[in-house]
Amino acid sequence: MKDVQGQSDHRGVAIQRVGVKGVHLPFLVKEKDNGFQSVLGNATLSVDLPHQYKGTHLSRFIEILHDWSRRPISTLELRNILDVTRERLDADRAHLRLGFKFFVAKKAPVSGIPQLMDYDVEFAATVDGSRTELTVGADVPVTTLCPCSKTISRYGAHNQRSVVRLRVRFTEGQFIWVEDLIRTVEALGSCELFPLLKREDEKYVTERAYENPKFVEDVLRDVVVAMRNEIRVQWFEVDVESMESIHNHNAFAWQQEACAVKPVDETARAGSEKNLEPVTTSSD
Amino acid sequence: MKDVQGQSDHRGVAIQRVGVKGVHLPFLVKEKDNGFQSVLGNATLSVDLPHQYKGTHLSRFIEILHDWSRRPISTLELRNILDVTRERLDADRAHLRLGFKFFVAKKAPVSGIPQLMDYDVEFAATVDGSRTELTVGADVPVTTLCPCSKTISRYGAHNQRSVVRLRVRFTEGQFIWVEDLIRTVEALGSCELFPLLKREDEKYVTERAYENPKFVEDVLRDVVVAMRNEIRVQWFEVDVESMESIHNHNAFAWQQEACAVKPVDETARAGSEKNLEPVTTSSD
Amino acid sequence: MKDVQGQSDHRGVAIQRVGVKGVHLPFLVKEKDNGFQSVLGNATLSVDLPHQYKGTHLSRFIEILHDWSRRPISTLELRNILDVTRERLDADRAHLRLGFKFFVAKKAPVSGIPQLMDYDVEFAATVDGSRTELTVGADVPVTTLCPCSKTISRYGAHNQRSVVRLRVRFTEGQFIWVEDLIRTVEALGSCELFPLLKREDEKYVTERAYENPKFVEDVLRDVVVAMRNEIRVQWFEVDVESMESIHNHNAFAWQQEACAVKPVDETARAGSEKNLEPVTTSSD
Amino acid sequence: MKDVQGQSDHRGVAIQRVGVKGVHLPFLVKEKDNGFQSVLGNATLSVDLPHQYKGTHLSRFIEILHDWSRRPISTLELRNILDVTRERLDADRAHLRLGFKFFVAKKAPVSGIPQLMDYDVEFAATVDGSRTELTVGADVPVTTLCPCSKTISRYGAHNQRSVVRLRVRFTEGQFIWVEDLIRTVEALGSCELFPLLKREDEKYVTERAYENPKFVEDVLRDVVVAMRNEIRVQWFEVDVESMESIHNHNAFAWQQEACAVKPVDETARAGSEKNLEPVTTSSD
């Protein structure tokens, strides 16, 4: 049968990305403490296409994703998936985004009841020749309680669910568990969320938020400071969006920074590679 | 050219609804006080299809919707649209749902600054022979402040944006402006929402919600009582959903009732027709 | 600490459903052939609330869902979850909906390459005193190729991805695997879909769809006939929606039927209970 | 009352963007031929916040959007909105995105029946000191018919609805009507879409698509060539996504290019300013 995709093209346009999107498959994601969890993945996988070829071979992307859907992965394995992709598709560059809901065990703040909380997580990677960029993102919901409302009112203060969307790109050779990113962000709202709260827990989170009022600006700044101090992060983007309980629209604050090269703390380096060269960041 | 749709079918299945969905067009919706507003409509229009015909003629649905997209309508005009539809499609029954964002003017509670607030509204109608059912629905966002959290905590109380989704079917010959439905529901939260609040307004809504704590159960019950007392309503469904500021999931309460025939208040009847026979309600 | 929810209420409104919505948890769903698969569940769990109580206890719903998130379930186990829910919440009625993506193994039609395809599935159950209603639903994507377009054109025919959304309520004591429902529906489009198609497979599905043109009306009728003949189904709803490749809106056909009591085929009855009494159907 | 937002902050973090998101308001959008149309806008408006201030004043953003919601705008007016925003908020930079459904009149290809088709459009602008970036985007749905499927099959070819998402940033002083962008893109699919097709029209679009097979790669390349040749475009991003009728996932191709400085065609320059300096592009 004729290979239509393999025919030549004469428009002189090298395509940056061509591939598949919205591919749902189960994946196994490595957990920090041990083992891995089965997640529902939503994958986007693509390669570049030189100007002389008419099309790519989409079925190979699906084969690669099926192959990897049953092997435990962390962000680090994305490099391997993309190396296979480049080889199978005969491409220089490859790009993968894998989004999924990820569950982390936590305990109610007073009663100590164990429970699972869900977070939207995204692993992304780009391989371009010898350059690799690994990005991990998490949407972390928190409570924010308005400092202005608290100050000007005789009692009460409006508060609401807000989402902190953080994406970080690792310094070459470094790595952060998504569980650690989530814990870092979760501590920076007026209070963190829990799936299950008994009465004593509800009293705790209500008072904790009231004692700790924060604008979206405050949460953003605290996350920015934390990321600037994080040696393993070379670039980050953070968006804090608050589903205001007093409005029918949202408040938000947003920041994107490429970090300066940081002095290397030897403890932090243990177990990671040495290459800390800043890589030119690109918009995804 | 052959009329494939007009061919005969031998499976013996009379189809209840066939038509078009997700048709976006501008529509003109009548306002209570005067005039009308241009809205972005999302329409679903269908008819029944007798068992002997293979298919319907979809282009006619689009012609009808285009015709009506430039004439001011309220729920009452839906009957006319469906009569035209039945005639053009040679059908016994027809069904229309028209969803849109609708804006209502309101003023900030203390500063009095005028503003527009948006609500998701739905008009729906079914005509079946001589029977007509008209339904209007609105999603009304409000603040809810948790009575339990307020009672057990030394200070503060968790609160959040909640949505009251109300759909009512009119008693035959009766009619309610969607602006009136929205106002009724909006008064039943811990506090109503506003697009624009100056500092004195923010103080007001914060204190108002704190003085007026309500569970989703409380809001639901207050809406149910209001609808049971509403002579123009023959059936209603209400769903109160609260985007809990302390959890990553929502709380909700739901009710669906066909109202008993109500004694007719002569004032309420003025200006409406006399037929108050309860019509058998059907799901959607 | 005060039990605010347990306080008495004087509005005289017994609430039909109050509970939690949008609860994401992993669940284990039994497969037909053997074992079970880990799915990402989205649960809604509720009970009725007598008129004299002010509120329900939401944390108990979360405890129940956590308990069941690690035990393999099919539709049949929903009854047990609801019995526990009624007991823990001291309620007469309980209602559960559990939505998830479910994967079914299939093979490419010519090359035979094995693969996993994803379907949106929903389990739902209502227990009301001694009455139980179990519903299973699946969204099954298929190709539809337009008979009119094929007939009137010199070559080609427009075709597109369409979704058949089928929900069935089981005859009391009967049960159908969701894999079987999916297979039944999938065979009724112009052609079924596959995640992975090699060139010989793509030729097959292209020609198969062209040889088998179907309107949404045709697919609907074929599903209706199949369900009318299915002794284990007491009620069904089917919606066929086609993302027309020639329009920016969709075509659809919809049907909802409560089935007549069917003569019992002894073979079909084997292994199921005998109660075939039709239960009054209610809208969701 | 205390101005909490005006208090000083000591974390040393200048915030890049803070403001409001998801603000729904009607807007009046200028049309190419004459007049303007009322659209349902979804606005995001933000400013930068110097490191020494604790917070911004969100109510002012809403006032500005309300002010502009009743004056006819094109992309060009976004500059004025942002100048007012910077002044009212005392900020150096401001950013606006305004998304809406926009209707364009078109005629059925054979019968000539006039109709309105809807497109998702986005206006965006950033003002940073003296630098202004204006971006216009449109999601244009088209039919794509697969060249491989056509070539290898005895008859037929799979086809589907695809969406071309194009965003362009204007060369300083230049401007393109969104109607023109849409027309350009719409001509580059296998066939364009229409809301209303009579039988003779359906024959036309079926045969036209079959005669004009295109992969997502083909559509992308044709759009890229068109944009490279467009003197008024300084940067563009294009994403072609195809809702494959034979799969349950999508195929896509993506490109982002900053254009080289183009020789200025005197005709094209008429009526526009002369500054054609390429502006450093940034990821949105």
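Think of it as A, B, C and D in the order they're written, each chain with its own count starting at 1.
One rule holds in what follows: contacts are C-beta pairs under 8 Å (C-beta built on N, C-alpha and C of every residue); 3 or more make two chains touch, one makes a residue touch a chain.
Note that the structure is predicted; figures quoted are calculated from it, not measured.
Asks: For chain B and chain C, which third chains touch each of them?
Replies: A, D
Asks: Could you compare the number of C-beta pairs in contact for A-C with that for A-B and name the larger?
Replies: Counting C-beta pairs in contact for A-C and A-B gives the edge to A-B.
Asks: Computing the C-alpha centre of each chain, which chain sits at the greatest distance from chain C?
Replies: Chain centre farthest from chain C's centre: D.
Asks: Whole-Å distance, chain A centre to chain D centre, using C-alpha means?
Replies: Result: the chain centres lie 26 Å from each other.
Asks: Counting only Cα atoms for the centres, state how far chain A is from chain C in Å.
Replies: 32
Asks: From the C-alpha centre of chain A to that of chain B, how far is it in Å?
Replies: Averaging C-alpha atoms per chain gives centres 38 Å apart.
Asks: Any chance you could list the residues of chain C touching two or more other chains?
Replies: In chain C, the residues touching two or more other chains are 1, 23-24, 62, 118, 148, 152, 195, 197, 199, 203, 248-249.
Asks: Can you tell me which positions in chain A touch chain B when the two form their complex?
Replies: Contacts found on chain A: 117-118, 141, 143, 145, 148-149, 152-161, 191, 193-195, 197, 199, 202-203, 205-207, 209-210, 243-249.
Asks: In their complex, what parts of chain B are in touch with chain D?
Replies: Those residues of chain B that touch chain D are 1, 3, 23-26, 37-40, 59, 62-63, 66, 69, 101, 103, 115-116, 118, 195-200, 203.
Asks: Can you name the residues of chain D that touch chain A in the complex?
Replies: It is residues 1-2, 4-5, 9, 11, 13, 15-24, 44, 46, 49, 54-56, 58, 62, 147-148, 151-152, 215-218, 220-222, 224-225, 241, 248-256, 282-284 of chain D that touch chain A.
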